[in-house]
Structures are given as structure tokens and as C-alpha cells.
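One structure is given here, and the rest of the page talks about it.
As written, the chains take the letters A, B and C, and residue 1 is the first residue of each chain.
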Amino acid sequence: MNQELFTINNLWMMVATILVFIMHLGFASLEAGLTRAKNTVNILFKNTIIPAIGLLTYAFIGFNLMYPGEGFAGGFIGFTGVGISLPEGWNTFAYNEGYTFFTDFIFQAMFAATAATIVSGAVAERIKLGPFITFSILYVGICYPIVGMWKWGGGFLDALDTPFYDFAGSTIVHSVGGWGALVGAFLLGPRLGKYTEHGMRAIPGHSIPMATIGVFLLWFGWFGFNGGSVLSADPGTVSLVFVTTAIAGAAGAFGALITSYIKFRTYDITMVLNGILAGLVGITAGADLMGVGEAAIIGFVGGILVVLGVVFFDRIKIDDPVGAISVHLVGGIWGTLAVGIFGDLAGIQQVISQLIGIAVVGAFCFLTSWLIFFSLKRSIGIRVEEREELEGLDINEHSMQAYPDFAPKD
Amino acid sequence: MNQELFTINNLWMMVATILVFIMHLGFASLEAGLTRAKNTVNILFKNTIIPAIGLLTYAFIGFNLMYPGEGFAGGFIGFTGVGISLPEGWNTFAYNEGYTFFTDFIFQAMFAATAATIVSGAVAERIKLGPFITFSILYVGICYPIVGMWKWGGGFLDALDTPFYDFAGSTIVHSVGGWGALVGAFLLGPRLGKYTEHGMRAIPGHSIPMATIGVFLLWFGWFGFNGGSVLSADPGTVSLVFVTTAIAGAAGAFGALITSYIKFRTYDITMVLNGILAGLVGITAGADLMGVGEAAIIGFVGGILVVLGVVFFDRIKIDDPVGAISVHLVGGIWGTLAVGIFGDLAGIQQVISQLIGIAVVGAFCFLTSWLIFFSLKRSIGIRVEEREELEGLDINEHSMQAYPDFAPKD
Amino acid sequence: MNQELFTINNLWMMVATILVFIMHLGFASLEAGLTRAKNTVNILFKNTIIPAIGLLTYAFIGFNLMYPGEGFAGGFIGFTGVGISLPEGWNTFAYNEGYTFFTDFIFQAMFAATAATIVSGAVAERIKLGPFITFSILYVGICYPIVGMWKWGGGFLDALDTPFYDFAGSTIVHSVGGWGALVGAFLLGPRLGKYTEHGMRAIPGHSIPMATIGVFLLWFGWFGFNGGSVLSADPGTVSLVFVTTAIAGAAGAFGALITSYIKFRTYDITMVLNGILAGLVGITAGADLMGVGEAAIIGFVGGILVVLGVVFFDRIKIDDPVGAISVHLVGGIWGTLAVGIFGDLAGIQQVISQLIGIAVVGAFCFLTSWLIFFSLKRSIGIRVEEREELEGLDINEHSMQAYPDFAPKD
């Protein structure tokens, strides 16, 4: 290691950090676009405050929960105290060959908020703001970093004989969000009028342009999410990750396009958009392990699964306005398994380790998010009143409208 | 060459890659903004699926058509097989001093889809989806890389005594798209109600904010499009290219503002936006050859030409809803010629070579896009039915609306 | 210094340059979102033409006014001629260890336009286009670089015994814009119907999504604004600046959220958005001097101040449609003072120097912007006619509508 390479590595990690940052605008746009105009301020409010929560809680406790240090290697939980304290040599390659302490912190902090952002889409249009903020603080501040520690902090999933592998977080990030989304959507129940005695009623999002902007920004940011997870600017690995990330997203678009055309006989842009995301979630666990063809298959299957997932969750009446559970939970499980099926680590032992990781993380996230949401439901309540839901959360929770100058339809 | 410089160069090329990627969101936003709300889903669908097509076809055949290797130097066409195969030393500076094989591929792949994106704007609001997708696959997958090979793959335009010069693609990228746009718009005919017996009727785009977002994102991405075309992070050249790119865009805004004010006596923001783009297209061929003053002149003239172009094409009743032909074809020809008139290579021999390049590329693109569009027109048809056009493509091709919560005017 | 580090440094400065560039889209989106639909084309027009003005005037005279060279060290004004002339060794580390001459120019040029963009929000919905453009050219082309020279060009504020400190421009950039905004808003008077005999009437912005997109893009770009102001890719300093920038923005969100909830008993997203910006403006002067806790305090107080500022300026009937004065002037003064209160330079001497800088810059900007706006008011007039204001500037100044396909409310 020398100062030049250290500076290059650190520069890439910082650029990757801001690419992950802009993913929060991607989530905000996507979720706002796929929900109704009367709830737009609410969605945007949540997606604006969540990154702020993520950054602050991660500085306060999250980072020290997720990276408690060597004394906790192989463990389940560890914590080294509140707040940020600079280690010796924090700004040299003695700390890390790829980045300074602060780069380490800020790159990871940008990831942290993602978990709650994923949930926000699934519980949209009916959750009360206060309980959602409470959930977000607890889930982002405590649950996410504990799970993260299991793998990235050197915990027990990393210490398996065949270590669980999750390059950039199909499980550690996306399915963590996905489980919270599933529990939240289930405990809240469907939006009024979604499942009627006459069957399922589509509730279209209010702005396809915003949804499209959101997906492009997410894809854009994903080059930092996956590319930064190389933890250096190594030319070979980062460029491979770029290619697999790009190809998987593209293949996801086609997987969803073809599947949705077969099922619905129409060119459904929301399915294509979610297909891209599912392809990206799918490649995330093994973006550094796959070739071009494997990335295309993983992405394509992700695109198929997201369409089937949306249909499935509607069938069991779990109402997920933006398809977040199908994208992040189904896609995350698929991507995690794919590491055992394709690429450099493929093998039955790896499949088993991947299944262990999926199951343990799933159980923990399911239980903790159930605990949080259920406690809130029993105490202060998590769902807005029927009148508020019908009128929209913007007027009732924020005394505002997203588009006050335009006439609503009917 | 050493590992440090190689890593820096590769890093810049990867950053440039994602900047070019986000240009696709720029095109999507611009084209959606400049067309009507009833066709917005359709436009966004096309601009979302085109990058996916570009990435996949480029991996499948495009890259090997565009860079067939030394055996085809000076040639017209070459091909080394389907799919991506890694050469020896692909991730070292033995492959290339500026980037790895995968960086090479992904940077070029991001360019590829641009050609079809440009077309999509000119044929908007009346083309059938299936034929457009077919055209895009063929044009992006085959025609674009063949033209690209002529110059960037070491083909015959690069082998002229005075080599044709096109730094980042005024001709190779933008006019390739522009010719397809011209042919498509001509063969489709104008939108219903555009040219009546009472003269030309303006059909305003439905969202100036989206158009503005689009142009800013395109300008943003252009720093990667032109800056990445340096093919290294060389401080002097890349910073020069940044300056010429910025100045030409700014001067294009003023060229169009002044020209449109003189012609129409109003401050027309769509002309200013297209003026910026025309300035950028104009500087693209010689962004590394010009000084600040020359960049300003090239951009300013580009801005003038785009206004005159829009007026001209309306006069000959070629209906281009977003002005793509004026921006990319007129601007591309201007920029390519400008290399012979201004800057380091100026001279009569260079003008001749530039004219040869413009003519040969033009003839090839005109013929191939005519062949594709005309075959489609005669077989499955390329234009939606009158009723569908009046109702909008969103309802008829996608069974969706872009803004279902808002009341349309009238 | 060696070629490798020079190339890395220059690369980061170029990336930072395009991050600052995209802030102009951030301003455009934010200001358009927080004003009414009938004035949207006008706002976007101004925010599109301002960066063009900034780039061209900075090339023509601004750069040479702001960095007149050593002969003017400690001075009040200097100028070395019109246009860009390349110094010897401009593209080597002989020119500068962090960047080439052209990188120097383009990074600074991207900053320049910011001053006028800030003004544009405060004077929105009632200023005539011509006079605003005139003001912008003079303010960006002349006033801003003179102030910039006082500190960054080695002028008298940099030569104080305890030098005035302003890392990335809380005073030099943001308050320069803020003073112009204050003067412009005052001389124009409030929008019709804003302050009536029945009290202040809220005039909500027409698109919360656009405002949200704007703030995220500004935050995104701020990593380049502050991070690039390190003037090299030094891993320790840039990563520290990233952390303080991120934390201050996040804390600003909470400062404004809590304050506005206490005052208005509602979750006001526009206050949260402006709170983020005020946190960012606040940290800008000392982003390289603070720890995590100090950044959080500075951001949090910025968030409080922006809410109090909005209330205050409404009380004294200075109508600022987007809150620009509270964000950039109040936030800028707070951030500049904070350098004397917190962090590495804290101390009474520093407070005094900071106060001197605030006062001198304030006096100069107040006077020059008064002079420009007042001359324009007395000559060609600065305010549109009552009828034009009521109908909207889009129809009257641009003969266009931003959203022609949608029905306005009422």
C-alpha cells in the first residue's frame, strides 16, 4: 500500500458514498410516484426524514453496533459505546487500505437508512407518521446494524465453516428492509378499497414520471452501492461489478416485461421498473462473483419473480402499494441463493450457508419488526382513521397538499 | 504506466460511465416533458427499455462489431463472435493504459443506447411500440456499432490520409441518432392536427419542469460523455474538455435565446433548453481541440442552428415533437464540420475528411434506418390508429395513465 | 507532489465541479416547487439561464477579478484583463498541487452562478425578466468575484491578523446571494395578496415533489461544494468534510422539524427541506474544522434559525416565496459565526474576524445590490404589472404554460 493508491481507493469510496446517498431520492421518487397524490407529501416527508434518522442514529450507536471490533468476532452482538471516536491513524492506510475512518463511517451510514426506506413504500397511504418514525429509528438504529454485524462486522454468519456470502447486501440490506415491509403491511392491513368482494382493485400510482425518475436514480446509485462494496478502487473488481450491475438491471427489465406481458397482455411500465430493481437486488449478493451471462440470468429471473411476487402478495391480500416486498424480499432471497447456484462460489455447502443466512436474518427481522409494529399498534395505534385515509394523509398529517394548484380528477 | 495511474484512469472511466448512464434519464425526462400527458407512459417506457436493449445487445454482438480488433483495421465491418470473452490481462494496464476490459465494454455500452433514444423523441406520440422496439434493437445492436467501428474501432474513416476526427461522437453518436430520427419522422408523417390548412399548430409539451430536469441531467452526464472520451484521467485534457463542454452549453443557451427572441419575440424556454443541447452536441466532435473562445463560438452557432432547424423542419412538415433532428443531426453536422474550421486540426484537408465522414455515415444511417422503418411500415405497420393517437398511446398501448389523479384540461 | 497524486487530486476536483453543477438543477427544482404553477416556466427559465451567465461572465471577467494574483494580495480589488489566458505549466502540478488551471477555473465558475440563483427564489413570482437578467449579469459577473477575492483571492479579509475564515462560502457565496435576495425582495415588495389586512396568507408552492427533488440534489451537490473546497483529494480532510456535511444536513432537518412542530403543530415538509439546507449552509464555513458533534449542533441550530427566520421575515413583510433569505443569509451568518464558536479555530479573536467579514461583505452586497436593483426600478422598472402577476409570469413573459395539459384548481 502507498499514499497514492490509498488516496485513489478513498476517493472512489467517497464517490460511492454520494451515489448511495442519491438512492434516497430514488426511493422517495419511486414511492411517491407509485402512490396517490393525496399521500405524496407524507411519502416524501418520510423519505426525507429517514436518511436524516439513518445518519444520526448511525453516528450515535449504529456504527459501533455494526463494527464492534475484533473482540466480538464470530459473535451475535457487540457494542463499543455511544458516538464516534477516532482511532489512531484514522486518516491513513494504517486504518484501512481502502479508506479513512470517516469514509468507512459515512459509506456505511448511507446504507443504514435504506432498510427503513424500503419499509416506507409497503406501508404507504395508511400508516400514522409518529409510529412510522418510531419504527424507523429503532429498526435503522438497532436492528439493521445488529444484522450487519453478523456478516460485515465479522459476526457468526461470517464465521461459518463455509461463510455466508453477501457482497453488497441482498440479505443484509434489502431483505432486512423487505421483512420489515412484510410485517408492516400485514399488521396494517390493506388500504381501504383494495380488496373488495368483487376482487382486487388496482390503485394506480399518481405519477409515472416520478416512478421512472426514481428507478433511474436507484440504478445510478447502485453503481456506488455495489461498486463501493468492493471497498477499494481495484480496477478489475469494480469494473466487473459495474458490468454485472448494469446487465442484471437490464435483464430484470426484460424478465418483468415478458412475464407481465404474458400474464396481463399489456406493456406495464411499473412492472418493468420493478423488474429493473429486482434484477439489481438479485445481483447485489454476488455482483463480484458472476460473469456477464450469469448476471443476465440472475437479473432476468429477478424480473420474473417480481411479477409473480406482486401477483402472489395480492392473492394473499398483503397490500404493498409499491411492490417493495417483491423487489427487496423476494429479490433479496433470490440473489442470496444465486450465490450458491452461479459463479465463483457455487456449491451445495454455499447454498446451505446462504439458506442459514436467509433464515436467521429473516427470523430476527420478522420478530423484531413484529415486536416493534405490534407494540405500537397496541399502544398508540399505527393506522390512520378511515376518514383520514380517504381524504389523504397529506391534509390530515401535514395540513398540506403536494399539488395545490391542480384539480384532482372527480 | 504504473498501477497507480492505471487505477486513477480506470476510476475516472467508471465515473464517466455512470454519468453517461444518467443521460438516459435525461433523455427520458426531456422527451416526456416536451410531449403530451396522454403519451407520457409510452415515452418513458421506451426510454426505460432502450438502455436495457443497448446494454444487452452490446454485450451480445455490439461490442464485437464495434471493436473487432486489428485484423479489421481500415475496414468497413468486422466481427469476432457473439458474447463477451475476456482477453488475457483484461484487468491490467497490459489491456489498456486507461481502463480494464470491462470498463471499456461498459463505457461503450452506455453510449450505444443513445442512438435509439434520440430517435424516440422524433417519432413520439404516434409510433407503435412493437415496431419501435424492433427498430431500436436493430439500430442499436447492428447499425450503431458498425458506424462506430469506422472511426473508433480503427475502420476506414480512421484510416483516411487525414483521418476523420470525431472526439466523442457528434457524428458517430448524435448524427447516427439524428438520421434515424429524420427517417422515422418522415415515414411516420406528422401528428394529427400538427400541419393544417390554417398552418402549423404548436403542440406544447406537457411538463416544462420535466424538460428542464432532462436538459440539466444531459448536461451533467455530458461531462462524462465528453470527459470520459479522453479515455484516461489526464488532468490537462479532461479539464480542458470540461471547460469546452461547459462553455459550449452555456453559449448554446444564448445562441438559441437571442435567435428565438428575434424570430418569435418571446423568451422560449424550450428553445433555450434545446440550444444548450445543440451547443453540447456541437462541441462533442472537437471538445479536446478547442479553446474557450472557440468553444463559445461553436456552442453559440449550435444554439442559432437549432432554432433555425426547428423552423425549417416545420416548414417542410417533418414533425419532430422534441426537436431531436435539429439538436442531434443539425448540431452533429455542425460540430463535425467545426473540427475543420476551428481549433488544433483546422484546415481544408480536415474539412474534406469531416465532410466525407458526415456523408458516409449519413448515407449508411439514412439507408439502414429507411430499410428498417420501411420494412416495418409495409409489414406490421408503424403508426398507431387515428383513434389511438387521439386518445393517447398510454391508454391504448399500456392501459395506463401517467397522472391518473389529475383532471386533464378541457 | 508527483504525477499520480496530482492526477487524483485533479480528478476529485473535476468530479466536485460537476456535483456543484447539478446544484443548479437543485435550485431550479426547489424554487419551482415552492412557487405557483403559473410562474413555473419563468422560474425555470431564470435558473437555466443563470448558470449560462455565470459560466460566460466568469470566463470573460469574473475569474480574473476573483484571482488577480499576488500583486493584489491583501487588497480590495484587482483585475488582470478580459478572458482566459493560460499560464505556463497550467496542466501540471507546477500550477497547483490540486488541479490544473482549467479545473481551477471551472470549479470556481460553477460556484459563481450560485449567488444569483439564490436571489432568484426570493424575488420570484413578481420580478420582470429583463431586469432580473441584468441584475444577475452584474451581480455574478462583478460583485461576487470582488467579494470572493477578499478571502479566496488573497484579499484583505485573508490578510487580517486573525484571518477571516470561510471554508466553502457560508459568507462568500451564500450570504452574498442572501443579501441580494433581501434587497431584491424588499425593493420589489410582497406578492399581491400575501399580506392583507386580515394578516399573512400562506401561498403554497405548486409541487412538493419538485421541492424535494431540489433539496436532495442540492445536498448531493453539496458534497462537491464542500468536499471540493478541500482543493485536493486528501483522504482525511475530504472524508471529514463529507461527514460534517452529511451530519449537519441531517441535524438541520430535525432542528427545523422540532421548531416548526412546536410553532405550528404540524409536520411541515417545506420547513424540513429548508432546515436541511440551512444546516448545510451553516456547516459550509467550517466543514473542515468541526467534529461530528459540533456539526450536529451547527446543523441543528441552522434548522431552528431557518424556521424563526421565515416567521420573522413574514412579520416584517418581506416576502420571500422560497425562504431563501432565511436559508442563505441567516444560515450563512450563523455558519460564519460558528467558526469562531466551535471547532479548531474557536476563540474570541476569530469571532471578531468573522464579524468583520460578515459586516464588510454584508455592507458591500447590500449597497451594490441596492444600487443595481434601485437603478433598474427607477429606469425600466423591476416589477411586472398587477394583471401580469395575477395571470402569471409564464403567459405574460413567455407565452407558455408549464403544464398545458392539466386543469388548474378553481
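We adopt the following convention: contacts are C-beta pairs under 8 Å (C-beta built on N, C-alpha and C of every residue); 3 or more make two chains touch, one makes a residue touch a chain.
Keep in mind that what you see is a predicted model, and the values were worked out from it rather than measured.
After Cα superposition, the angle needed to carry chain A onto chain B is 120 degrees, rounded to a multiple of 5.
Of all residue numbers used where chain B meets chain C, under half belong to both copies. The two sides are thus made of different residues.
Centroid to centroid, with C-alpha atoms defining each point, chain B and chain C lie 33 Å apart.
For chain A, residues touching at least two other chains, in rising order: 4, 8, 11, 15, 207, 213, 403, 406-407.
Of all residues in chain A, those touching chain C in their complex are 3-4, 6-8, 10-11, 14-15, 17-18, 21-22, 24-25, 28-29, 32, 40-41, 44-45, 47-49, 51-53, 55-56, 59, 83-84, 90-92, 99-103, 105-106, 109-110, 129, 207, 210, 213, 397-407.
Remark: chain B residues 2, 4-5, 8, 11-12, 15, 19, 36-38, 204-209, 212-213, 215-217, 219-220, 223, 227, 233-236, 238-240, 242-243, 246-247, 249-251, 253-254, 257, 266-270, 272-273, 276, 291-293, 296, 403, 406-410 touch chain C in the complex.
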